[in-house]
Structure formats: C-alpha cells, structure tokens
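The same chain A turns up in both complexes below, where it pairs with chain B and then with chain C.
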Partner chain A sequence: MAAPTSGSSNAKPFDIVATYNDLLRSDPDLTMPIAAIEALVLLLTHSPSSTISETLDLLEKSTAHLKQSIPNPIGLSAGTDLFQRYLITTLQRPGQLGPAGDFNAIRAHLLSNGRLFIRRAKESRDKIAAFGRGFVRDGSTVLTNGGSRVVASLLQKAADEKGGPSAVRFKVIYVLSSAKRNSDEPEGMETVRALRAKGVPVSTIPESAVAYAMGKADIVIVGAEGVVENGGIVSRMGTYQIGLLAKAMGKPFYVVAESHKFVRIYPLGQYDLPIEQRVIDFKTEEDVADEAKQQKAVSTETSDAKAVNTADSADVVDFTPPHLISALITDSGVLTPSAVSEELIKIWF
Partner chain B sequence: MANPVDPALTSSVSASQPPAPEMQPSVQQPPQGASPSKPAKQQTPKQPAKGKDGAAAAPAPSGDGAALTPAELKKKAKADKAARRARERAERETTGGAPGGPGGQHAASAKKGASGPGGAGGKDSAAAAQQKGQKQLPRRGSAQATAQVGAAELKKKQEEKNVSVFGHLYGQQRRTTIAGAGKEVHPAVLALGLQMRDYVVCGSSARCVATLLAFKRVIEAYTTPLGTSLARHLTTHLSHQITYLSTCRPLSISQGNAIRALKLAISSIDPSVPEATAKSSLCDFIDSFIREKITVADQVIAGSAAQKIQDGDVIVTFAGSSIVKQTLLTAHKQGKQFRVSIIDSRPLFEGKNLARTLANAGLDVQYSLVNGISHAIKDATKVFLGAHAMTSNGRLYSRVGTALVAMSAKERAGGVEVPVIVCCETVKFTDRVALDSIVVNEIADADELVTIEPVQQLTGLPDPTAPAPAETKKGSKAAASAPVESSTASQSTGSPLEEWKESANLQLLNIMYDVTPAEYVDMVVTEMGSLPPSAVPIVHRMSTNL
Partner chain C sequence: MPSNSVALTPGLASFLKSLKTNPIDTSIDDLISLLKRRQIRHSRSCATATAYLMRSVISATRTSDANKLIERVQYAGRRVMAAQPREMVVGNIVRRVLGLIRDEAEDDREGDFSLSEAGSESQPQTPRALDDPSEVLSYRHDGSDRSSSRQPFTSLSATPISMFSLLSHPEPETSLPGTPASASPSGRLLGHSHNKDIRAEVLDGINEIIDELGQVDDQIAAYALEHIHSNEIILTHTSSTTVQKFLLKAAAKRKFTVIHAESYPNNHEATHATISGQAPKDDDMLSTEAFQKPLIALGITVILIPDSAVFALMSRVNKVILGTHSVLANGGLVAAAGTRVIARAAKVHQTPVVVVSGVYKLSPVYPFDFDSLIEYGDVSKVIGYEDGDLVDQIDVQNPLYDYVPAELVDLYITNLGGHAPSYLYRIVSDHYRKEDINV
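Now for the complex of A and B:
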C-alpha cells in the first residue's frame, strides 16, 4: 500500500474518504473493512495526536465522516468498529501500554499492531479456503453468485487440490447478475475464467434461472459483505432469493466470510438495514418524464449522477436471515449462525 | 380467595348484603359443603334460571330435577345437604377431634379458607381489615386444625382439585397472613410479602427492586449478635426473610439472581471490617445493583429498542411490561408516529394500566383481550414483549399468553413475518433450561378465575373506576363491555363456577407463565446489546462471571 500512502500524504488535510477509495481501487483483493482499517491506520500515522482522548476523538470523527460519504457503509463499519474497539481495549489494558504509559510508545504499538492486523486479515482468506475445502465434495455441483473473492479463492483452492485438469471432480453453476459494474462484463466473470482455466466445468446462468438450476446443485456457497449479529448476512442483491430457494429445495447453504466482516447491527428484515436503497421505486409516466428532464439539467454534474446510478444498480444489497443459512465458513472455524453473536460478544466485551 | 387483591377497593359495594348472614351458618356447622350450597340457595329466588344451573351442577343428583319447581328443588337440596352434614358430623366425631368452642370456629373458618369456594363470596363482603383477620386465622389455623380434623381427607380433597399434569407445582399454598412468620422477619419484608402475594408489587423487575430495597432496610436495622461475624450471620438472617417472601409468592428469577449477588457480596466482606462500614458498603452495593442492573439497564434497553420502531409501525404488546412501556414512551418522545395495540388477558389485566399510561402520554392505543388476538395481529408490524426470564436455551418465560401472541405473529397468515422483539434485562437471564411450561411454572389461586369482578391490578395507578375511560376508540368497545357486564352480573348472581370445589369432576387451572420457543423470538434487547435468543447463555455467563 505504498502508493496510496505517499499520494495522500501530500495533501495537507488528510482525506480519509479519498484514501479509502484509493485503497479499494488499488488492490482488488482488499475487502471493505480492511480498507477502512488501513485508512484509519494511515490517518493515525499522519495526524499528530498526542493524547489518548484526542486520538479517539479523531478516530470517531473521521469514522463518522467516512460512513456518511460511502453509500453502503455496512461492510466498512465492521472494520472501523473493530479497530476502534481494539484501540480502546489496548488503551485500557494495564501496564506499559496502558493509560499510564508513554503515549508515543502506545502509538507506535498501535500502528504496528494495526498493520499486523491487516496482514492477518489478508491471510484469513487462505485459512477459510482450508476450512471450506472439505465442503466441496467429489462429484458435487456448487452453485454460487456474485464477485466474492473469498468464494473464488475457496473454489480455486478446491480445484488445485484435486491436482490439475485431469482430476477435477466438481462443477460450478455461476449465477451472473444482470447489473453491470464499472466494466462491461458482469461481476464474477473473472472467477469463471480462472476456474475454467483450472479445468473446472463452469456454467453461467442468469439470476432468473436460479430456481431452475437449483435442482442440479448439491450445495450453495455465497460470499457476504457483512455478517450481522443474529447470524444473517448482508450480501449482494439476489442472495436472499438463492437462500430461500436453497431452503425450499433442501440444499445446504454455506456462507464464506472473514471474521472481520462481522458487524454489530441487527436487522430485523430486508427494510431494516441502516442504509437507504432505492430498489423499489414507484413511478408514474409523469415522474419518469420529470426525472428525464432533471437528468438533462443535472448532466453537467456528471459525478453526482453517476454515484447515484451505481448505488441503484450494482451496489444494492439484501439481507439473508439466519434460518436460511446452514453454516458460516470463517477464519475462526465453521460456525452456525447462532455462534456469530457469541464471536461478536467476545470481541466487544 | 382469589381476590385478595381488590378487597378494599372494589368488592365491598357489590356484595355487601347476602354474605353477612351466610357467615353464621358456615361457622356453626361443620365446614364441608356447608358454605357453598348456601349462596346457591340464596340466589335461587332471585334468578331461577341461574339457580337451577347451580343446583344441577352442585350435589343435587337427579333426573327428576327438571319437573320440580325452583322452590321444591331448593327444599330437596336443603334436605340433601342436611343429611350429608349430619353424616359428616358423625364421622368427624368418631374420628376424634371434634370441633368445639372457639377452636371449632377457627377450624370451620379454616376450612372455608382452605376449601370453601363460597368463601370467596363471604370474603368479599367483609370489610378489608376484617377480611384479613378472617383469612389469617384460617391458613395459619389450618395447619393445626387439619391435624385434628381429618387431615388426610382434606388433603385428598384438595388434591382432587389439582390439575394432575401440574401436580408438582401445587406444593405450597401462598401464605395469607403474616401471623406465624418468624420473629426475625423484618416488618418491611412482612409488608412486601403480602404486597407481592396480592400483586400490588407485580412484575419481575418491580419485585426484584422492592426486594432489594426491603433487604436494604433489613441490613440497616441489623446488628450482628455477639460471638459471630456479619459475613456469616447476615446471610442466615437474610435467608429467613427470603424464606418468608417465597411463601408469599414463589421468587422470580430476577429476585433469585439479585439475592445471589447480594449473598456473594455479603460473604466477601472482610470480617475485620467494622460493622457500620460493612453495612454501608452493602447498602451501596444494593443501590448500585439496582441502578446498574435495572434502572440504567432499562434506559439503555428502552433507547435501543425504540430505535427499532419506525414511523407507521403498529406495535403489538402483551399484558403490561414496564420495560415495554418505557420503550414505547421513549419512541413517542422521539417523535415517532406509531400505533400500539395492547393485548391483555384475565385475571390480572395488567394491560389496562399500560393502556392508560400510554393513552395519557398521547399515543394511539388499541386495547383488546387475548381472544381478539387474530384480529389484533392482522395489521401488526412488530411485537414487543416483556420477560419474566430468559432461559439458557433461548426461550422466553413470561406471563401466560405471551407464547400465543408470539406464535400468532410468526405464523400469521400471509406469511409476512412480524418480528418479535423481547426486552429483557440481563438480571432476568437464568442458566436453567425450559423445554415446556409444565416443569417450571407458578400456579396462582384458581379462585382468581372464578371471581366475577376482575381482579384489580393495583400497581401504578390504583383507580378502580378508571379502566373504562382510559381505553380509547376501538379498544374500549371490547374491553369496556366486559367489566360493565360483569359488574352487573355480580350484583344479581354469583359466578357459575363459584362452587367448583364441590363439583366432582371440575378442576380449574390458573397458571401464571408460559414458555415461548426460541424460534418465535427474533431479537432480545438487553442492556448489553441486541442478541438472538441463542446468545442468552453466553451473555448470562459473562454477566455473572464478571
């Protein structure tokens, strides 16, 4: 992460949002919480805070700022909360690094540990792949969706293990979303290519064919943007329906997620998420005409319109309740949904 | 005996006339069966139809009853009764301890207390104070009297009235009087015990706080006897108080947890600390326990649960939970626009006070009884429930009827799920496990079900005339009609169930709690955050180990 560091340090007031976005763009393997933590660590290295309360205050302010300026802060807040919590517990601990100690030493310790944390988080993907490998059995067909990097690494690992093209013994049904991201190809195409290169037969289907294809699948593996307190997941739009269908057809539904994606929110349903999504948008002919007119007027300010558009189509998420999930494969082991809250409580108390 | 609760406030008016004479015979004559039949007879002339019912249900056998006029019927019943009484008296005399003199009177009234359903009527009549006196003797006396007088027979009779599935819960009847309580029991505790028995202090948290405050006074008044240390002796001293309280009403989980914490605090006191210091530190401990575990916890819970309320919500709640009330008021203060639908049930009618408080605060309230659940749940968007306890398998142990409400919300036709949210302080968590509501439960006096006048909930605003005006709009239609009807009924005739103890195959069950399966609960809001029910044991472990 050398490049973004030097780049942003030149700007006099440290811009946490820009740093965060830079980090995400520069490293396709980076998840949102980790990018947030990394941005916060960078912030601390750049800011000359000298007391604990000053540090915490700074952290809180920039976290709030960051959350406000990102359309979907669920994944991100997992990282910032975790980092804040970590800071507080470190500062409260008695001894050299506690409140009595030398603040500079504390700071140095925090920063080095923050980096260590980031490195560990990146390694967690391998760990998960190791845990999850056993779930992809010989001759089975895996149904998956979205562009989750953890799922991709899990499947690739499984393919590797079987020892090259001759020994591949599982197939993948890849659900490709119709919503396109920045590039022209749908999310997940990269993984499809990589798997095919390894000799894994991959079939791509549109979201509308999930119910049709479910009968041919043996297990469902999906990624998640955030794992919430009741063990449900917040994930790319379309995951919920896959979960429902898998449940209806009695197929196991596994979620692959790093444990730093555990968020301390508790949604009660689809519409209880702490973000605003305009998925369902009722319009009459009149509204459509109005909007078109407005769009023309605003088209000069392209950036705004673009941001709104992306939030509307590709970044929308839904909530899959815990009772649809068979197990969560995380770097701290394979958990049932109800164990998530235990993990979260362990972190928080 | 049921209505111990309302004595002074409500009943004296409605039932002042008839029972007074009734007292006499029941005292003079041997007890069983005496009192019950009397009221029936007195009622017959006033309302023949009802009287006939009563007669048919009661001892009078006979298929020829239909042909007889009410007067004849009455005569026949009287004759029957007299014969039976004579038989019984003879029996008793042969067994030995004949009731005689003042002792006999006591025994008789004791019987009435223990087994006479007619006693309910009689009691109503007596002025509150006198009534207490009346009842005090019996329960106390019954220990001695039964020893003399066919104890086994009486016991058998009582057992027949126990619903056998719940037989293990009948163990000990609630204390009716402070007589016979140990001299160690502090007056504050004595009073509290009766208040809890009468549901004056009702609700898990309220009982817990009241107990702790009473114990604080006990500790303040306590002096360590010579030759022992405070840490050792105070615990036993407290356990006298606790035993007394538990004879008034079984202790709640929260009370148990609080007592455990207090005992731990006592036993960890250094014996070398001077008594005054130790006592003040214990009082501080109690204060901070109440503050941390209940007062502040309630605020935190209300705050975080109120976040879950959105504009346009229709909140369904069951009975009267103080924490739910606080939550709804908090949300209302935040300016949220929502409706509240309160579901209530007999015999405690805890929802009435809630309805009144919320309506006074300006909320939109609908009140209905649990019979109307399917209607009330139709437009619900969220269900908020209070808790008596949360068990370690994530189940909710709460006022009977809660499970029904939770289930209705979850299984509502149409499939749109209504989230069920439980508000519960961690002090109510227990490491016990409940698989059903049979093994662990509390049985209240079955006569509470018989009384016609609804037992008044005295907690909060003790104004017996208020319920009707308090309810608003739709609610009042359903609810208002009920009390009105019953009050008119009570003037004219007794409840058809009044003599349930005398009719052979009739059992009444007044169960206090039920268990809601964890699947019906979406979220438990505690002061330590929102949890799924499965996280209850973890949090319990953490909050007790700290």
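Now for the complex of A and C:
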C-alpha cells in the first residue's frame, strides 16, 4: 500500500510519532483519529507479530507512546481506542474473522485496507453533510467558528444544494480566532473563501463580537475535535462561550462530528481535560523577568521545542458541556447528546 | 359502530368499511382524500386507517419478494404521507411496516446463510409466536419485553455497531439490506428465500400494530397510579382520550382535583363534552369513549378554566399532564395550540410536566423547521362569517398546534413506560430503521 513514510522507515526502526505527524501534514483533509488509525496500521505492517496478544501488546505500547508525545491526544485517542476495540471485538465475535478463524485474516484485512478507512472517513463527511443540510434553511443565517472540515463540507454542500450563485439563500457569520497558526491567516479563511466563491455572503467577525452578532444568527453550527462520553464536545478554544451565548439567546447549537471522534473520557468541567494547557498563567513581574532571561538562553532551539512540547496558543481547546448542545449531527444520524454514551458503550462493553 | 352504511359520513368508519370491498388503489385514493379534507383527524384515527390500508396493500400484493413488498409499501406510503405531511403518525406507521418487512427478510436471509449464526444472533421464530398471548395478558409488564420481541433488530448483535463501520470488512456492508431496495446485490439476497411466507409474517406484524393502537391508552393508563397521588391538583389541557383514561384510572383509587383548561376556539366544545361526559355525536373514534364515565361521576372535582388563566393557577398545581399530537425525535412535541404556554408557565413555577403519548406518535423526523410543523385551521372559528366585513381589514389566523421544545417537558409516559425526553432517541431507534427515516 502506498504510504508516505513506508519507504524511509524501512531502514530505521518504525517511529509512530513521526508517522502520525507526517500523515497529518501530508493530507490536510485527514482528521486526528484517522491519522492515528493509519499510523497504527502502518505500525502493524512494519512489525511481524503473529499472535494476538503480541499484537495487542504492541498496539498498547505504541499508543501510550504516541499519546505522550502529542500535546493534545484527545482526538487521537478516539482513533486508537476505536482501532483497539475493533480488533478485540472482531476477534471475539463468531464468524470468519473470529477466534475460530484466522488471526492473519483480520490482520490482512486491516493492513490491506488502510486507504479504504481514509476514504470512508472522508465519505462520512459527505454523509454528515447530507444529514445536516436540512438544518441550513432558506433565509437563515449560520454562525460558525474554527477550521472544522466537516462544517466546511456541510456548508458547501448546502450552498451547492441551493443551485449555484443565483439562488443562494443563506448567510454565514464566521467567527475567526485571533490566534494565528503557522500561516499568517487565521484558521477558517479557506472555508470563507470557498463559500464566498459559491456566492454565499460571508461575514467574518472576531471572537469578541460573538455576543453582538448572535442576535443576527438563526443557528450555530460548530465542529469538534472530540465528542466525549456525556455528549459534550472538546473543541477549539472559544466554542464554549459561543455555546453559552447561543443558549442564553435561545439559538439552536448544533455540533457536526464524525462518529470516529467519539472518545471515552468524561470531563466534568473545563479544567478536567486530560491535557495540560497553559491558558491561564499567573505571573508577577519577577516571573516575567525570569522567563525573559530563560528565553534568551535557549533561543537557539526554542522554536522546535516549543512546537512539540507545549500547546501553542492556536491549539488550545475548551469543553462545551452537553446541556448547551441541541443535537449532534453525525454519520450515524442526528443524535441527542445522551446518545453518544450509548454508541461508546456499544464498542466498549 | 353505526350499522347503516348509507348514513355514514366519510371518516374512519366508512373508510374501514370500504377497505374490504374496494380495490386497493381506490382505497389509497380514498384515504388520501380523507386526509386532505381532514375528515380523518385524530392521530389515532389516522394511524389506524394507515395500518389497515397497509395491511390491505400487503395482502393485495401477491409476491414473496421482500423488495417488491417494500417498493409497494413505499409507493403507497409516500402518497398517503404527502397527502397530509403534518400528520406524522401516518409516516410512523408506514415506517414501522417497512421495518417489519425488512426484519422478516433479514431473518430469512440469516437462516439461509449459516445455522450457527442464526441460533445466536437472530430471534428464532417459534418463541416469538409464544410471546404474543402473554403480551396480551400482562401489558403492564411487557414494556421492554415487547419491544425486544417485536423488533429483533434492537438486539445489539443484530445491528452492526455503527462506530465500527469505518473499519469493518467491506463485504458485509454491501450485502446489508440497508442499501436502497433497488440495489442489485441486496436484491438478489433478499428475494432469494422461498422457505417462508414473508407476507404472512408481515401481516401478523401489522395486526400487532393494530392491536397496539387499540390498547395503547389502557397501557398508558396502567402507569397512572405511579404518577397521580391523593389530593394532588392536576392540570390538563384539551380533550385527549389518552389523558382522560389516565386520569380515570387514577380516579378509581384516589381522590384528586383536576383543573381542565379549555382551548378556544378549536377544542373547547370537545373539552366541555369530555368533562360533562356527553360525547359528541359526530365522532369517528367509534367505540368506548362514548360509554366512558366522566371524571365527575367518580367524585373528582373538575375545574374548567379558559387557557388564558393557566398562569394564575399554576402556582397551585402539582402536576401538568398533557396529551399530544405527535412527538419528535429530539424530545420536542407538537400538541394543541396553547400547550406551549402551559408548559412554559409550568417551567416558571417548577411544576413537573408529564406528557402521555402512545409510541405510535413518536416520529423519527427531526424538526429542522418548527414553523412547518404547525397546521393552521379554520379561520371562521376565530371570526365568524357574520363579521365578514372585518375579514377584509385584518389578517386572521387559527393555528391548531404548538411546538413545545424538549426542555419544557420533564417526563414522557408511553405504553412502554416513563422516559426522559433525552431518552426518546432510543425508542425511536428501537422502532424505526434508519433506512426508512426518509421513506
């Protein structure tokens, strides 16, 4: 199978972290869980394990390693969990891939179908768009944020639906984050351009204008990095406040997410996420001076280290609790937040 | 049931009568025009008519090919649903019939494929038949039982785990009958079995649905004593048979007070009739209600108020019990106009709101656009024709229904038991198949 890293990593030992990062970089359409699954598939290709427990053990170790080396492993762990559960469930289930059957058969299935998984993941976006286009009504104004690819595809699908530039009937308010990523423009500009090209009137506002703009919006649609067990979402910083404002103003707040983003954590609040982000960072004058000194000392390698180890300001996430969410639009239909736990229970128990 | 067929006004009774003699296409057209002219109104009458029509459609289709049956039902179903899109029970019944056919087809297919799998994964046929008498005997108990015995696809092993669809083996997916009926690979598989008469099984299933429609109010009423306690003040709205039966059941054992809000101008006469026990003559809901004693006969104090007075009285009310027109997948409901005001007033006073509804009213449709769910009725009820010159100068509207969002409801009581609004999605997925949501 064609994989971007298979050629180079044949010689040296397989590095799952590098593979994962390469995968994410090579395909901007790839989500974190899918990249994680792909990385694990590639890992299996490179390791000649032949027994079930050996394979599971290897997976577990690499997953733990991968999670440790990535600043925000929430999205990724959805993928690795799904992969592991699939393997175990398939092995337990009666059938040709079951315990009576051949372990090599399931291995071969996973190894040979890596591309298929990616394709399905992308197809599930179209599926969501098909489910979700009913939410974008004629004459409505949609407020959205972030760089979610699912939201982008949903809105574009809705724009196509309405039959080209002449008959477009909905407007978009796009909340652009002030934090810039690698490039100069804020996340989501690409979607804004694509929508404008289709003739959809798009207005971009800063995060500080959300409350001001909410009165003009009919519905809010956001993407998610991970959907947690209680039906809440982990998403780009700023989503929580949009959710609160939408609730306060009585606007429906919809989340679009693929079902492979469901992740088995149960956060009780903002500070309960299993990741460390230094958003609130108390400092005195002294601390600031100290930091400046340190910064000078390591200025040579600072850019590298910072990118990997600490989540920079563009990557921070917050948690939107389920009571703010009207519905989740997923590839398995329109779900209420409480339906998420059931989907998760189905794969875990 | 009135026996002289000549004097029969068009309605449920005349439709059911004609169903036996008319050819099937005439019957479909009949129901369509009845629905369009609103000569069949109440949710249950519509559901019953649809179920009987579906039964005739299937018995008139002489084929053992599941795909042909599905196509036929879809065709008839689409037409009837299009006749009155806001009458969502029609679609619900059509979807359940489609689900029945698919189940039978699947059961068959599994039986054909491998014996070992059929034993563990699908419901064997014989126990199902045995279940039925016990169901009729004790429907208090059968809530969970019933849904699992009738809908084999609720069992976990039978449904593919949707989250795994990403990773699953490509072959099983193509053979899944979830793909549209016309898809050729599944078509071959579905049609291939001849060892069992699918039609007979489906007809049995439809008869069960019809039975359910007949029993649903009694089943719901069985939960009454758990929710209505002595000396409580209960507020209800409009004349719903389900609510009346519910209250009557509790009244047999307990003494409480009922505040009955009438809903002028669409339902006040029916409400008065319910309270006084004089059932209106025209009713197409034949049968029992006419013989039913009113609450006052059982010594219950009933206070009739206009629905404009609801807010003032709400502080003294212990519980609000509402009937509904249909329930939507997100837990919201479409009910008689004025319901939302009552639910909102109850919310302000922290009074629990209980909605009683048969499962057949539960629709898998997600309300994308709330306004489109509201039906508008006869304007002359608001302003009579004697005020005709006024009509030129003002715009008169008479909405029949309200949309009540899920957060205003505390509990749903269906014939399967009590459910939180957020749990309704589960009952929806138990009763309808995903591929039938868009018929």
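Quick note on the criterion: the second predicted complex is superposed on the first by the 318 of 349 C-alpha atoms of A that agree within 3 Å, B and C clash if a C-alpha of one lies under 4 Å from a C-alpha of the other, contacts with A are read in each partner's own complex, and residues count from 1 in each chain.
Note that in this section a contact is a pair of C-beta atoms (placed from the backbone, for glycine too) under 8 Å apart; a residue touches a chain by one contact, two chains touch by 3 or more.
None of the values given here were measured: they were computed from a predicted structure.
S.K.: Put chain B and chain C onto chain A via the superposition and say whether they clash or fit.
M.R.: fit
S.K.: Could you look at A:Arg120 and tell me whether it touches chain B, chain C, both or neither (first, second, both, neither)?
M.R.: In the superposition, A:Arg120 contacts chain C only.
S.K.: Could you look at A:Ser341 and tell me whether it touches chain B, chain C, both or neither (first, second, both, neither)?
M.R.: first
S.K.: Looking at the overlay, what does A:Glu229 touch: chain B (first), chain C (second), both, or neither?
M.R.: first
S.K.: Would you check which partner chain A:Leu82 touches, where first means chain B only, second means chain C only, and both and neither mean what they say?
M.R.: second
S.K.: Check the residue A:Gly269 against both partner chains and state whether it touches chain B (first), chain C (second), both, or neither.
M.R.: Only chain B is touched by A:Gly269; chain C is not.
S.K.: For A:Asp315 in the superposed arrangement: first (chain B), second (chain C), both or neither?
M.R.: After superposition on chain A, A:Asp315 lies in contact with neither partner.
S.K.: May I ask you to name which of chain B and chain C touches more residues of chain A?
M.R.: Residues of chain A touched, chain B against chain C: more for C.
S.K.: On the combined arrangement from the superposition, state the nearest Cα-Cα distance between chain B and chain C in Å.
M.R.: Across the overlay, chain B reaches chain C at a minimum of 5 Å between C-alpha atoms.
S.K.: Mind sorting out which residues of chain A both chain B and chain C touch, each in its own complex?
M.R.: After superposing on chain A, chain A residues 337-338, 342 contact both chain B and chain C.
S.K.: Quick one: which bits of chain B touch chain A in the complex? Just the residue numbers, please.
M.R.: 308, 382, 417, 419, 421, 522-523, 528-532, 534-535, 538-539, 542
S.K.: Once bound in the complex, which stretches of chain C touch chain A?
M.R.: 116-117, 120, 156, 161-170, 329-331, 366, 368-369, 422-426, 434, 437
S.K.: Give every residue of chain A touching chain B within the complex, in rising order.
M.R.: 229-231, 264, 266, 268-269, 272, 322, 337-338, 341-342, 345, 348-349
S.K.: Could you please specify the touching residues of chain A with respect to chain C in the complex?
M.R.: 37, 82-83, 85-86, 89, 94-95, 97, 109-110, 113, 116-117, 120-121, 124, 134-135, 137, 259-260, 262, 326-327, 331-339, 342-344, 346-347
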